[in-house]
Amino acid sequence: MTVRAGEYPVTAGHDVPGLAPGKLGMWWFLASEIMVFGGLSGSYVVFRLGGVGWSAEAAHLQVTIGIVNTLVLLTSSLTVVQAYAAAEAGARHAARLFLGLTILGGLLFLGFKAAEYAAEVRAGFTPGSGIFWSFYYTMTGLHALHVVAGVAVNAVLFASARLCTPHRLELAGLYWHFVDIVWIFLFPLLYLTGGQRP
Amino acid sequence: MLNWMRWLPENVSTYGGDIDAIIASIWSVTVAWFFLTFGVLGVFLWLYRRRPGRRAGYVPGESLRQAAWILVPVAVVLGLDLWIDFRGAPVWARVKLDQPPTDLVVEVQARQFNWDVVYPGPDGTFGTADDRQLLNEIHVPVGKPVRLVLKSRDVIHSLFSPHLRLKQDIVPGRTVSVWFEATRPGIYELPCAELCGFGHSGMKGWLHVHTPEAYRQWLKQQWPAA
Amino acid sequence: MNRPSSVPTPATTGHDAPGGFWRTYVFSTDHKTIGKQYLGLGLFWAIAGGALAYAMRWQLAWPDTAVPGWGEIGPETYNVLVTMHGTIMVFFVAMPILLGAFGNFLIPLMIGARDMAFPRLNMLSVWTFATASLALAASFFVPGGAAAAGWTGYPPLSARPEYTGVNWGLNLWLLAHALEFAAFLMGGVNYLTTALALRAPGMTLLRLPLVVWQQLAAATLFLLSVGPLIAGAVMLLLDRTIGTGFYLPEVGGDPLLWQHLFWFFGHPEVYVILLPAMGVVMEILPVFSRKPIFGYRWILGATGVAGALSFVVWAHHMFVSGMDPRLAMPFSLTTILISVPFAYIVFAMMATLWRGSIRLEVPMLWALGFLATFVVGGLTGIFNGSAPADIYLSDTYFVVAHFHYTLFSAVVFGGFAGLSYWFPKMFGRLLDGPLARLHFWLTLVFFNVTFFPLHYIGLAGMMRRIANPLQYDFLAPHQWLNQVATVGAMALMATQLLCVANVLWSALAGRRAPANPWEANTLEWTVPSPPPPSNWGPTLPTVYRAPYEYSHPDAGEDWLPQSAAPAVAGARRTTP
């Protein structure tokens, strides 16, 4: 990202090897994001260890939807990598195609999640129905917001051929992987800890 | 001005003296370093003030030999730090960890903006007919360990007795118990030390420390039957 | 760096932009302008925070008289004053001045860059902070008034409107925090990326001026500690709005969770404020004693140790909070041990004076003032750090005295040290001497008159956040201390007018500043004052040596600029 504050480009004249500002910045950003989810999951785990009757609550989640969504996200991570590879190779159309698939993946995930929420609310489980549900809705909700953001970014790149450069695709990909990885943690923490339903 | 200890209110609990001793020893350590640092600072500022024709020395302070001038005092600081904590640990344990057994248990329920004090009565069990609830007063005999069982009905409060050197936040959803043994009869204030709303300022009760016979008198009035 | 293919047609912005005034002074991406914008916002909030402090102090000294210019202050109002004073001073004065202003203005200039790595992100950062300021200011005017649960916002008090009577005020308070954090996260990402990726040729990491290192350390601490609090703030907002129960025991939540999340951030945060101030002082001491800083690498090491330790001390704010009492002593140990790296840094600063040729110019006075007041604040921290002692001291004015000696030394002494040192570079004029000296000496005196008595009244047991000390018999005999402190505070505030007058006068009519008025070595002094839009011409400076080569034996002058070509025999030898 080269912007000029004056008559010379910001990056002109620097010979610092191998440190692309864009990538570096993205990593720092992700580090802070990790701390956000880390704090949330950490609190959840500590509560979980201390509390009782949680697994009974957790048992109400639809593990199948969770699994499907996990697969969806994993695939979309794969496609975003291919999009970057294609762009690197100069195959602009292939790149856009894979990027489109990634966006679809994100939308699919959100669709399933919405359906899941709807079902749970209908079953009477709202954020107010106990500490487990407070955590469940907050953690998955915050993650869903990140998915939305990722889809939005990808959509912008998809829409504009000018912006759709390998460099930007790489950064968007990094972010998308992060969103994916967060889910990889949330899924077992929330879905796979359910015991018998009461 | 210099002796900070004389500002503390008179101590009237068995463990208060230990806490004061810790504060006093930290005070002597830190005052010593205060004068040391300020002394050296003053001397340097005077000796090395700018003077015509004098050029500053070139001392990078990177080599271990030069850094040692600092590392040695730092090592002393490290030693003092450890000393402070090793002296502190037993005091903390005495005040907060090992509570002596006692049959005098009083429940304090905090709420905006009062202390509800509940006595179990002669039968010594809470939740029975002979419980008695007082508002903002705790009555105890001198020279006997007392356990306070602390609960909150709304927000976080903090039971503070400056004279007993006792302070404990009271968190809703938790039951915390503290102990003390008063050493001198009298009436002492029990302010709330944690911001708990517009009534925080002025939320306080009174601790009545009675002589044994006065305490027996008080019990008589409260439970004439027994 | 990034492939040419990925370089968009450069959008020209900044001073030479066609946009003229707006692009130049308001929506500028120039790091120098952005730094000044942060400075302006910080000063505005400093005045606001000071005004609140005035009302508080008067109320504490003469509780049953109306505050001149304010009127009667009830307990509700008082809680708002305390809360907003703390919030403003920490998040809207200390952060924008010490990080926002100095970080933005100095980092590119000192590492030989033309601007931050992401100038647009940088502009977004300052405007996000401006929005946060707006939200905070607005919170005073919504029905129910501004937040009143302390700057630490402990739930349940903060989790249920009915407990304080404040509803929207506290939501806006949370919003303001969220925006403020976002702003400084953007800033931090920029600082770290810029300092790593955009250094001028020859500017190795070990040739970076210490203030840059301290800014990076602060940015890193912030980046790594604020996340959990952001999560905590989200939970608090949800508790208040959609009925979750994270902090409400009735539904299985736990109020202490917030305290852990808040202080896991809170303690590193106080170093986020301290380190940049220390960095400023580390720049000034060598220049005005004409000596290298004593032990550059060792100081970096000590900073690292302190930074690492700061993540494992947070529960020293919770000794009597009701957490498991067995946790207290371990945290007490880590807390007191943190005095070791700081002892090193303090001693290194003093050793820098040893055999120096000390010029007591205005910036040097402020730097020494910082040193003196910080040592006092640091030492009182040890009292709090000892768990048994803190049973008595916690939540008393002893703590209030402690953190004003530390925070005030960082923000005011450190801040003014930096402002007076870089003022010529920022505004191209010299700061008027006599007035500035008077301002320093009066601030030093009245600061101590204000806050030293608070140690005593704290030892006497006076609790924090009470509106009326006279409601307590055991405090009544000490009330005169409160009155001394208040008189001191009012004098202290009046003194700041000197500074305002001086700054305005000097900025408009002061003598024009040469490029390098202090004969200093670092890069920012090689460009004109004030520096042109992209700082350097077609070629960037080349760096040949460490930043503090003063009174080098092989050099004729007693200073040796980082970018001066090594005509000097052996200048290379001594440099990393």
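The first chain written gets the first letter, and so on, giving A, B and C; residue counts start at 1 in each chain.
To be clear about the criterion, a residue touches a chain if its C-beta (ideal position, glycine included) is under 8 Å from a C-beta of that chain, and two chains touch if they have at least 3 such contacts.
None of these values were measured; they are calculated from a predicted model.
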Contact graph of the chains (line, ring, star, complete, other): line
Most contacted chain pair (by C-beta pair count): B-C
Where subunit A and subunit C are represented by their mean Cα positions, the distance between them in whole Å: 34
Mean-CA-position distance for subunit B and subunit A (Å): 48
Residue numbers of subunit C (touch at least two other chains): 253-254
Residues within subunit B bordering two or more other chains: none
Contacting residues of subunit C [partner subunit B, same complex]: 74-76, 78-79, 82, 148-150, 154, 156-157, 163-165, 249-250, 253-256, 289-298, 320-322, 325-326, 328-329, 332-333, 336-337, 339-340, 343-344, 346-348, 350-360, 368, 371-372, 375-376, 379-380, 382-383, 386-389, 391-396, 455-457, 459-461, 463-468, 471-474, 478, 550-553, 558, 574
Of all residues in subunit C, those that touch subunit A in their complex: 1-3, 5-8, 10-16, 29-31, 113-121, 185, 188-190, 192-194, 196-201, 223-232, 234-235, 238, 242-246, 251-254, 257, 261, 264, 532-536, 538-540
In the complex, subunit B residues that touch subunit C: 4-5, 7-9, 18-19, 22-23, 26-27, 29-30, 33-34, 37-38, 40-41, 44-45, 48-51, 54-62, 66-67, 69-71, 73-74, 77-78, 81, 84-85, 88-89, 91-92, 95-97, 112, 154-156, 158, 160, 162-163, 165-174, 176, 188-189, 191-202, 204
Sites on subunit A touched by subunit C in the complex: 1-16, 19-22, 24-25, 28-29, 31-40, 42-43, 46-47, 51, 126-128, 130-131, 134-135, 137-138, 142, 162-163, 165-168
